[in-house]
Amino acid sequence: MNTKIKKILIANRGEIAVRIIRACRDLGIDAVAVYSDCDKTAYHVRLADEAYHIGPSPSTESYLVHDKIIAAAKRSGAEAIHPGYGFLAENAVFAQRCADEGIIFIGPTPETITLLGDKLQARAAALEADLPVVPGETLDGDDLKAALVKADRVGFPVLIKAAAGGGGKGMRVVHKPEDFEEALERASSEATSAFGDGRVYIEKYLDRPRHIEIQILCDRHGNAIHLNERECSIQRRHQKVIEESPSPVMTPELRHTMGEAAISIAKKTGYVGAGTVEFMVAQDLSFYFLEVNTRLQVEHPVTELVTGVDLVKEQIAVAEGKPLRYRQEDIKLDGHAIECRIYAEDPQQGFTPSTGTLKNYRIPAGPGVRVDSGVVIYNEIPIFYDPMIAKLVVWGSDRTEAISRTRRALQEYRVAGLKTTIGFHLAVLDNARFITGDLSTSFLPEEFPDNNYSFLTDDIRRCAAIAAALDKFSHERKIALSSRSPGKSEASGWATHHRRESLRWFGGSR
Amino acid sequence: MNTKIKKILIANRGEIAVRIIRACRDLGIDAVAVYSDCDKTAYHVRLADEAYHIGPSPSTESYLVHDKIIAAAKRSGAEAIHPGYGFLAENAVFAQRCADEGIIFIGPTPETITLLGDKLQARAAALEADLPVVPGETLDGDDLKAALVKADRVGFPVLIKAAAGGGGKGMRVVHKPEDFEEALERASSEATSAFGDGRVYIEKYLDRPRHIEIQILCDRHGNAIHLNERECSIQRRHQKVIEESPSPVMTPELRHTMGEAAISIAKKTGYVGAGTVEFMVAQDLSFYFLEVNTRLQVEHPVTELVTGVDLVKEQIAVAEGKPLRYRQEDIKLDGHAIECRIYAEDPQQGFTPSTGTLKNYRIPAGPGVRVDSGVVIYNEIPIFYDPMIAKLVVWGSDRTEAISRTRRALQEYRVAGLKTTIGFHLAVLDNARFITGDLSTSFLPEEFPDNNYSFLTDDIRRCAAIAAALDKFSHERKIALSSRSPGKSEASGWATHHRRESLRWFGGSR
Amino acid sequence: MSRYLVKIDGNEYDIDLAYRADGYSVTVDGAPVRVTSHRLGETRSVLLVEDRSFEVDVRSNGLADTKTVFMLGVEIPAEIEEYHLGQLRKTAGMKSGPSVQKKLKAPMPGLILEVKVAPGDKVSKGQPLIVIEAMKMENVIKASGDAVVKSVDVSKGASVEKGDQMLEFE
Amino acid sequence: MSRYLVKIDGNEYDIDLAYRADGYSVTVDGAPVRVTSHRLGETRSVLLVEDRSFEVDVRSNGLADTKTVFMLGVEIPAEIEEYHLGQLRKTAGMKSGPSVQKKLKAPMPGLILEVKVAPGDKVSKGQPLIVIEAMKMENVIKASGDAVVKSVDVSKGASVEKGDQMLEFE
């Protein structure tokens, strides 16, 4: 039962591939990367010990193709595959295929993935484990009229969710019956294209709930522990963008109760490995089971920073058949951690993706700052994948210190060539309600109804205006100069001019 | 007595200026940088809120000139000056000048600095506080003959140390009487040029001792605590290069005893602020007082990582007159931290300085990794100052995890254009004696007698050889191609050729 | 001497730059400002404004009168024009920036999943026009006002780059 | 087809590179090796050797036959020469690299604190010749063997750059 893993293939890309490679290096395990055409110089390829090309850029022709991943694993001699999150992470067919090929899939069993991956079965399992669930209805091939009746029974506003869903895909809030049809159609079509499964169901949409989840870790010997909660209420398009641990509203008693609930569904479903049990928490601190994510979460680092546990290493230890090295009482909760997801998106334009080349890219550093980045300078951000380029995760001795350090780190970031969500995060971290910890999943639309995430002061705007004017002035002077000295090529004149220039500009009357 | 500081001038440069700016930002305090000619685009200038030019590049004409620092502080309206380490950090005259000008000097009182800065007076204070000291002799204007008699009395090998010293400057080990004269002359001359004070003294040079120091923190209200120890035995030229906390040999009892000793000398000397009491620890774990450093140490981050205390913030709180927020029992010791000092030096050539431009510079990141860097890409490393460019500080849940993460982070570093000590650190971290924690201040000469710090395997060498050959081949092909197409400018042809090139090279017979 | 109007976030700054014997002079909205700029390369510099220090990266966006200033972790779009041209424009009562769009351009690169209108269709504000998939999300592009579709320039399954024309209105 | 001898850390590698219809071929010490190189710019690339992945940055040091390969956090100096030239050199019994130095060059930039010898002085191995201060440390440059000083090219208080000639021996 106990296998020493010597080589792991990481069936993913971006920051999570980098994260897993780092864990492998820390364990002395060889890390094998796979890459599509547009990822041939991606950071995960550069950091890995080995790298295998697996096809064209679209993920359906590369990262999602079971045969290609398995072939690369066989060729490299990897004993195990880590799927990261997304792509094949919650794909029971792939997990089964690994088992059939004699490769360790780092995750729960195919049976557990199937059970919990289907939101409807998961709901049933939760009820069996005596967990409170949100009122809702399944749609078993109902036509529109029947579906509307069910929606009415649950009561608007309702949430339409993909049975096979995750990451906000195939999810729609519907406030009025007249918007129901289009939302149902869109959610189902999105679910089909994202998961190959168009089934959706309806849930009561709670008023201003918090999203709080419990990290669990289970071994193959029946041991299961939880590693405290993460508050993930700051969401846009039902996607988390800022996460923290502990939750500002958590009490030791509630943590214990929710932790026990999470462990009970894990035990009920034979869970193995790292996983997350998601809950909605109402304003009165009553909580409802949402779903179990049978994978490593994007936001796992906030848990790592407050517990000191390296979750990826523990995943690998569990996959090797080892019993958990921690008992519940070993899990500490030290200080406070906040994660900001840095997306290549334009927040002011409703978070539309922003592709292009990272003409500048310098990550922040210093006390309390951890950056899990999937990119480096000059990388292109391709259109084919999720636009998250990095995660900034910051630790402080308390929430106040964590917030101020996060703000500092965001301002240290240097990115050029793309729009990012850095300014968005600064605006949220400056928001009074955020600072007091008064969060809910409708926080963003309530506090920033016009998508106006500017945090600029007049002072900063004025300096930016001066920078823009100086740049224009320099360009015009350069053109004037180069037209006067035609013997010199423009390019070299430009470079010389700019590299040596260090001018002092004085106020007019001083 | 209680002052809220709103603006701090940092009378320093490099990584420590950056470190202090970050603490200021975390506290909402405006950070004022000062810079010499060659530092006008340095990283500390870029990160600060304000920046003032203080003269030519040599530190004697800029960072060390009291009048210029005071003038910049007055002009900016800073209420306080943080001296960092080096430069004016342990200069009692400057500390007194600040007091006279009504500016808070972030450090102990001028009287304490004077007392502890003189190694001979410090020794006397330690004896008074019942601390064990290393046998030694002062040289009060002794001629060579008299000095030699004293050295013989102490017994060779002896250590010659500058009375006003620090950082290994003005320090020489002498193994045989016949080397004594030159060493005395060099140490005295170095001490004169470094500290303006040529006085030296002699100490018994202990056999393979460890260097272990205790971090202390004292407020103006008579409270004093210690924040555990740091082991700093890995030294070259008497300069620390790798530090860690906790020490591999420390026991809770010894930590308590040494901590109490450190607090007793702090109380005896009216110490205020953060400071470090340095000890030699013999193989039998007997310990001897060495000196007190009345400043923030280079290696303070290892203490921050295991205690969770931000030492710079606490320095500022003490300077504001606040009582310590921590009691001794609040100070935890969680996990293990290691710091590697990254110098622009060539370790294979006896650590000779390596100046130039950072043509590439990318810092490592990810779990457990903190980088305190004083430079960014394209910065020039000037000859005028200390060649330390950054500190890599890594946390792990135990020493083994800290070592493996440090190794991973070192390999992630990307530097081009300069020689650095990164490879040196990798060689040390791979050393069996280092891994078992069997350290002493003579570790480096014992384990690496020929300065041969290579950690390369044949495998890596072969790949480097292929990279070099491909580069030469490409250059030659480029020259051949450009001579065939004279219509195209070489520069643009080169760029196009290289940016688009992505070639697969096959083994000859496959 | 050059004088510019710079518009950021709806705020306008009147900036005057001139050579002087001992350097340059800068005034903002008529008030003199001490400015030092140390170049770091073609686009980046350390900018000191009245001793306040910033690292800035100014990029031109193809359009001559639009620049993006990257500083303090964020990107700040700035519209810039010659002062006298701006005054002329204002006198003529013209808005700055492009005129109201008769062309619907792709707001992001992506794949056309659905085209819901045809030439000649009357559409009303809020009506779905086109569905684009970008980075795994479906985005419904809706009409920003009432209009009549003149031409449709994309079809289902086509890939578009950001800024590609998708529809034209009459 | 090109064939090179590359010397790293005292180890020599015989590397053969050639064009082929479907790409290139590489052999190291006679054994074929699968190599892929993706360029990242003028000096950097992602190098895959038998699927092992590295990010490398190869810089020329001015000297045509010396390159520095930056990889895995460290710099690796490599001497490289055409294979047939290397063979000729070996047959002639010559050492690779520059001949034994008759000139003493500054090992680092710094300030001359002291010159301890004069033209005509006989010096023996280990004897201090010059003291340079660099980055606040005093460095005593000692004779690497017995020799006679021919000329002294620096004086106390002078600044030297790395590689500047300081002394010449007969």
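When the chains are written out, they are named A, B, C and D in that same order, and each has its own residue count from 1.
By definition in this document, contacts are C-beta pairs under 8 Å (C-beta built on N, C-alpha and C of every residue); 3 or more make two chains touch, one makes a residue touch a chain.
Predicted model, so just to flag it, every value in this text is computed and none were measured.
Ranking B-D and B-C by contacting C-beta pairs places B-D first.
Greatest centre-to-centre distance from chain D is found for C, with centres as Cα means.
Each chain gets one centre point, the mean of its Cα atoms, and the points for chain A and chain C are 29 Å apart. Chain B has its Cα centroid 37 Å from the Cα centroid of chain A. A straight line joining the Cα centres of chain B and chain C is 47 Å long. Taken residue by residue, chain B touches two or more other chains at 40, 47, 411-412, 502, whereas all remaining positions touch fewer. Under the contact definition stated at the top, the residues of chain C that touch 2 or more other chains are 38, 41, 52, 54-55. The touching residues of chain B, when paired with chain D in their complex, are 169, 182, 186, 189-190, 193-194, 237, 349, 352-355, 359-360, 383-387, 410-417, 419-420, 422-423, 426, 454-456, 458-473, 475-476, 494-495, 498-510. Those residues of chain C that touch chain B in the complex are listed here as 38, 40-41, 46, 48, 51-55. Residue ranges on chain B touching chain C, taken from their complex, read 33, 40-41, 45-52, 75-76, 378. Here chain B touches chain A in the complex through residues 18-19, 22-23, 25-28, 40, 47, 301, 304, 308-310, 334-335, 362-363, 365-373, 376-377, 397, 401, 404-405, 407-408, 411-412, 491, 502, going by the rule given at the top. Residue ranges of chain D in contact with chain B, taken from their complex: 2, 4, 6, 8-9, 11, 13, 15-18, 20, 22-28, 31-39, 41-45, 47, 49, 52, 54-60, 67-76, 78, 80, 107-110, 128, 133-140, 162.
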